[in-house]
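Two complexes come next, and they have one chain in common, chain A, joined by chain B in the first and chain C in the second.
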Partner chain A sequence: MRGTAAHIVRTLLLSLITLFGVSILIFLMLRVLPGDPARVLAGLNASEEQVSRLREQLGLDESLLTQYWGFITGVLQGDLGESARTSRPVTAEIAVRIPATLILAVVATVIGSVVGVAAGVIAAVRRNSFVDHAISSVAMMGVSMPVYWLGLLLILLFAVTLGWLPAAGSAEPLSIVLPATTLAAFSTALISRMTRASMLEVLGQDYIRTAEAKGAPPRTVIIKHGLRNAFIPVLTVISLQFGALLGGAVLTETVFGWPGIGRLLVDSIAARDFAVVQGIVLVYAAAFILLNVIVDVLYVVVDPRIRY
Partner chain B sequence: MSSPVLSIRGLTTEFVTPAGVVKAVNDVSWDLYPGETLGVVGESGSGKSVTAMSILGLVQSPPGRIVAGEILFDGRDLLTMSARVLRQLRGSQIGMIFQDPMTSLNPVLTVGQQIAEALQLHDRGLSREQARARSIELLTMVGVPNPEGRYDQYPHEHSGGMRQRAMIAMAIANDPKVLIADEPTTALDVTIQAQVLDVLRTAQERTDAATILITHDLGLIAEHADRVIVMYGGKVVEVADVLSVFAAPRHPYTLGLMTSLPRLDVELERLDPIPGSPPSLIDLPTGCSFHPRCRVSKGRDVCRTQVPPLYEVGGGQRAACHFSEEVPAEMAVAARAMGTDAGNGAP
Partner chain C sequence: MNTTPARRRPSRARSLAAAAALGLLLSACSVEDPEAPATGGEGGGGTFSIAVGIDPDTFDPAGQTTTTVQNMVDYVVETLVVFDEEGELVGNLAETFETSEDGRTVTLGLRDGVVFHDGTPFDAEAVKFNLERIIDPALTVPLGSPFEVIESVTAVDDTTAEVALSRPSPGFVSALSVTTAGMIAPQSVTADGNTNENYQRPVGTGPYTFGDYTAGESVTVEKFADYWGEEPHYDTVVFRIVPEAATRESLLLSGQVDMMILPPVSDIQALQANEDVEVLLAESDRTIFIALDTNDPLLSDPMVRQALNYAVDKQAIVDNVLFGAGEVMDAPMAPSLAGYCQTGSYDFDPERARQMLADAGAADASLELLTPSGRYVQDQQSAEAIAGYLREVGLDVSVSTSDFPSFLARVNAAPSENTVDMHLLGWAPPYLDADFQMQMFRQATHPPAGLATSFYTNPQVEELLTQADVETDESRREQLYCDASQIIWDDAPWIFLWTQSFPVVWSDDVTGISATPTEKFSAIYARPAN
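Presenting the complex of A and B:
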């Protein structure tokens, strides 16, 4: 366990370098984007004078080095700058949006993991049966259906036609059901396929035969001896999916009018609101690193052979 | 002789494969008596493991299926009893030790948990502490040093020999009446094979289990078995007690196994392996399936046309050969060729 703690400290220290690299990359990428932020912000009818005043105000007339220096020294003090659009601190803009994104990602991941693992186990245990084929077909649909299409379909059915669930927004507790389901569809499908493959491999192992030879009932063989081993590669998929959901919920958030960080990112890019975009990307990078550390610890818990 | 604990009658187990139906076990019958060690010997692929898996009801289906026969344990047919009842016998009345201890233990459970599980599966009333204490006793019995510490370790922290000892502990945990050891030392380093066999012997003596020792090594049989079943191409070709079989094998295949056995008193290059390769179990040779490799047959028609039954050849010895009486003479020839008295008792 001490090795694991040292590993985590090492990972976190190394990730500081990663974050530094990310900050440079996103900074430069934004500046090579076509379109002058001052002109975009000032609007179509603004005079040349107004635009240059705005440019000065935003510090965009300074050299890149000076601009970056200002950005990174701010970051080190926990200051991500101000939004050009709203003039509010970027940290405040992000903080407002994080809970909605986080809850959506967590709920979708929980749905995806529970349903995906259960479906994968059933498919593996009943391989080549009708149930297995049915699960495979649904999973196939899950990975190939575009998110906005599935989202619109669900809205049409459950909100418009049946009127059971709210179509958009986040005002009611039930509002999360449709966006979370939409978001979970892909993960569920992916996790179920991974679980099935992993289970099939594990169920063919010698130690499964040992468990059966001991007289263990099927449930014990499948869950205690099978799934505990099969879950190790599935954990990787789940964590990758969670990471993707944190960052990639843009379409779902748009379709369902969900006030998450994905929409803030898209809107900010469109408005050339550099400070907000930089801030969001840095927060994402930090979140990914944290997620990886958590997963490293989980590996140690589920697989005794892994020690750092 | 007392009545057998386990009787196999006409057991036939097949595998349906794309290439055809593999007759892995083909009309096999034998008895296992209380307290004895029955050696089952034969080349790789002769159906030894499939016989063991058939007894435990663990033949994968599909592709496997038991198409005929009965396996009587305590007078009850294992093949027709319900899955639940059979499960209660597995691991309690019939213990099994597998070939490869590196892969036969669950990597994510401690060795101790796996032994304790064997106990608790068959004794609901056993508390965790009791199961632990008993498991540590078992680990001590199979000669695992520092059993308390070893209990909490995972399989990857144990050597092959230690793991196989743990497998033996698991198999004898519930004092089984029958212990099946399928090539228990084949996967182990030669230097620890003897130790593990000693442990197996001790375990067997303590529990007084009738033991089926499956091996491709006739030398192991000589040392550890009381009686021997020789399998070839899914069939039993010879049954005898160990002394008789080494003094006078009555099936040419058994003789072939003996002359190909490495011995201290025979130089390696003078060993005499059986020519040819094991038969295809999908398309067995006609008549006696050993005839294409047989040096006793000498091309006689009956070997190609008639399947030899297991003939009684005297002294409880039986051999499935049309010319079993010619085998001892052939052995003398082989012995002269090897420059040793191959026929004089066990190695």
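Presenting the complex of A and C:
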């Protein structure tokens, strides 16, 4: 365990350098984008004086170095600046959106993991049966169907035709069902395929035959001897998917009017709201790094042979 | 008021079972909103909910840019004057408004007995505070240009305010109808977490008080008991923020909202055929056009520009690409503006266009057409169709698009750096007067100073518009705009396309909904249909 602790500390220290690099990258990327934030913000009808006044207020007339220095010293003090569009602090803008994004990502990941792993195990155990083919076909659909399309179809069926579920928003407890299902479709499919492949490999190993030979019940063989050993690559996929869901729920959030951080990011890019975009990207980067550390620890829990 | 009981009952039963399953998971999270429409009380005046597409940036009247957000602010904050349904300017918080003979003093007779939501009286001091606030250089006021003529504001007595202008400005009183010039309680800029620069909880005199804003989700307003005017029916109005048009439509069709704006245009005909909903294709003052770069060697020839106008079958595009959500332009401005007169038409005539292009030596010229995507009704699709018509008459036209800030950076560049031959653009005066539209044809507003992106100028037009700027006689002023329109129409700095419609759709369970030509809906006095 000592080695693991040292590994985590090392990872976290290295991540500081990563975050620093991310901050420079996103800062520069925003500034090479065409489009004057002051003009966009002031609106089409604004006069040139208003635009240049706004440019000054936003500090956009200063040198890049001065602007970056202001940004990074703020970050070190926990201040991500102020949204040009809403005049609210960026930390507050992000904070109100994070719960919605987090809950959606968690629910979708839970659905994806539970359904995906179960389907993958069944497909592996019943290899080449009708069930296996059926699961593979559905998984294929899940991977290929655009989120946008799937989301609208689900809304039409469950909100408009059947009237069972809210079509949009997050105000009611049931609101999460459709967006989470939509979001989970892709990861469920991916996880089930990964689980199947990994299980097939493990089920062919000698120790499985040994376990069967000594008379262990099939359930024990499959779950304890099989799945546990097949789980490392699956865990990697799940964690990557969770990370992607945190950042990649933009389309789902848009279709379902879900008030998450992805929509804020897109709105902010469209409005050239630099401070908010920088803040969100930094938060994403930090979340990804944290997620990787957590997964590193989980590897050790799942497979005690792993040492760092 | 969100769903009829009959429609909702089956959903409740199912809801419970599934809610139990998800309840635990969700109880710890803050996305639940106790004031959510579908669970709101049905007693009293109930709740009216409206699906809109835009998440508000600011509720400060002075900071407004988009009409959707203005529409929400209008429930809370009122203006001195308003345009009525006939498009006539009438008094509101100001019962009377008079402009002096020399056009430089506007006297406002204020309504007596009006109070702000915080209990403070609405009086001449409040008018002075608000008008001075929107000309304060320290504040960002995107729609502030019409108010720059204000020299000073004097509170003569409680109910009389006098505005001195630096020059006669016939459009000034009309501009007071814009949400930007809405009246907020002076004390509220330092109360309730507000600051003058970051004013997020508006306090006005309107029929509703500002309730809640849940970012990305909803805005709620509550009925104001001491409202001076007619009492609205509903106790609570909820604006649901749903960016996807098809989802807004689903919310309406499933009875989860009472009204929506901007459905997917391709569904308009199906909605019109649906007996459960009403569709209003409201007239808007937003003109959509292809601005032609009159500095371009080829496009500097008016004959070429006229030829482009003849080459495009605008009616066919309105019918087939916009699904009827537009009216072909017959003047360089929308008919709802004061100063409009029917000017002319460029009837679809590809033969004539081809001939004119040949005569001008532009028979097989190459042109780039830049278009925004998703900003105006079917903008990119229309641009593609227009390019198709132009190719029909022998031109080599390529269409390109980009996100709006990049688009704006290109079309708003100074002439020396401007590389755009033609671009599709929309322009909507915030108040119904020709002066704002005419900025598009004046040298003073050529980019980068303004958005007169065809760089058009004509000394006669400049002269007529300069006269109109200070002409206080209404009919003479309108004639000046009419004369200028005629010259502009013949000079054809644009391919004149259409004024776009503003579609509003509501459940037939409700009534009392209309819209104004400034792309705003009027639903404050919505009520149940029976």
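We adopt the following convention: the second predicted complex is superposed on the first by the 308 of 308 C-alpha atoms of A that agree within 3 Å, B and C clash if a C-alpha of one lies under 4 Å from a C-alpha of the other, contacts with A are read in each partner's own complex, and residues count from 1 in each chain.
FYI, a residue touches a chain if its C-beta (ideal position, glycine included) is under 8 Å from a C-beta of that chain, and two chains touch if they have at least 3 such contacts.
Treat the numbers as computed from the prediction; the structure is a model and nothing was measured.
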{"item": "Side-by-side fit of chain B and chain C on chain A, or clash", "value": "fit"}
{"item": "Partner chain(s) touched by A:H225 [first = chain B, second = chain C, both, neither]", "value": "first"}
{"item": "Contacts of A:S63 with chain B and chain C, given as first, second, both or neither", "value": "neither"}
{"item": "Dominant contact partner of chain A by residue count, chain C or chain B", "value": "C"}
{"item": "Partner chain(s) touched by A:S144 [first = chain B, second = chain C, both, neither]", "value": "neither"}
{"item": "First (chain B), second (chain C), both or neither touched by A:S87", "value": "second"}
{"item": "Contacts of A:V302 with chain B and chain C, given as first, second, both or neither", "value": "first"}
{"item": "Partner chain in contact with A:Q77 - chain B first, chain C second, else both or neither", "value": "neither"}
{"item": "Chain B versus chain C - smallest C-alpha distance in the overlay, whole Å", "value": "32"}
{"item": "Contact residues common to both interfaces of chain A (with chain B and with chain C)", "value": "none"}
{"item": "Chain C residues within the chain A interface of the complex", "value": "7-8, 10-11, 14-15, 18-19, 22-23, 25-26, 29-33, 36-39, 51, 55, 57-58, 65, 137, 140-145, 148, 197-198, 200, 214-218, 240-244, 246-248, 250-251, 253-256, 402-406, 408-410, 412, 427, 430, 436, 448-451"}
{"item": "Partner chain C, residues of chain A touching it in the complex", "value": "33-37, 39-48, 50, 53-54, 57, 85-88, 93, 96-97, 99-100, 102-103, 107, 152, 155-156, 159-160, 163-177, 254-260, 263-264, 267, 270-272"}
{"item": "Residues on chain B engaged by chain A in the complex (per definition of touch)", "value": "56, 58, 87-92, 96, 98, 100, 103-110, 114, 117-118, 121-122, 154, 156, 167, 170"}
{"item": "Sites on chain A touched by chain B in the complex", "value": "205-207, 209-217, 220, 224-225, 228-229, 302-305"}
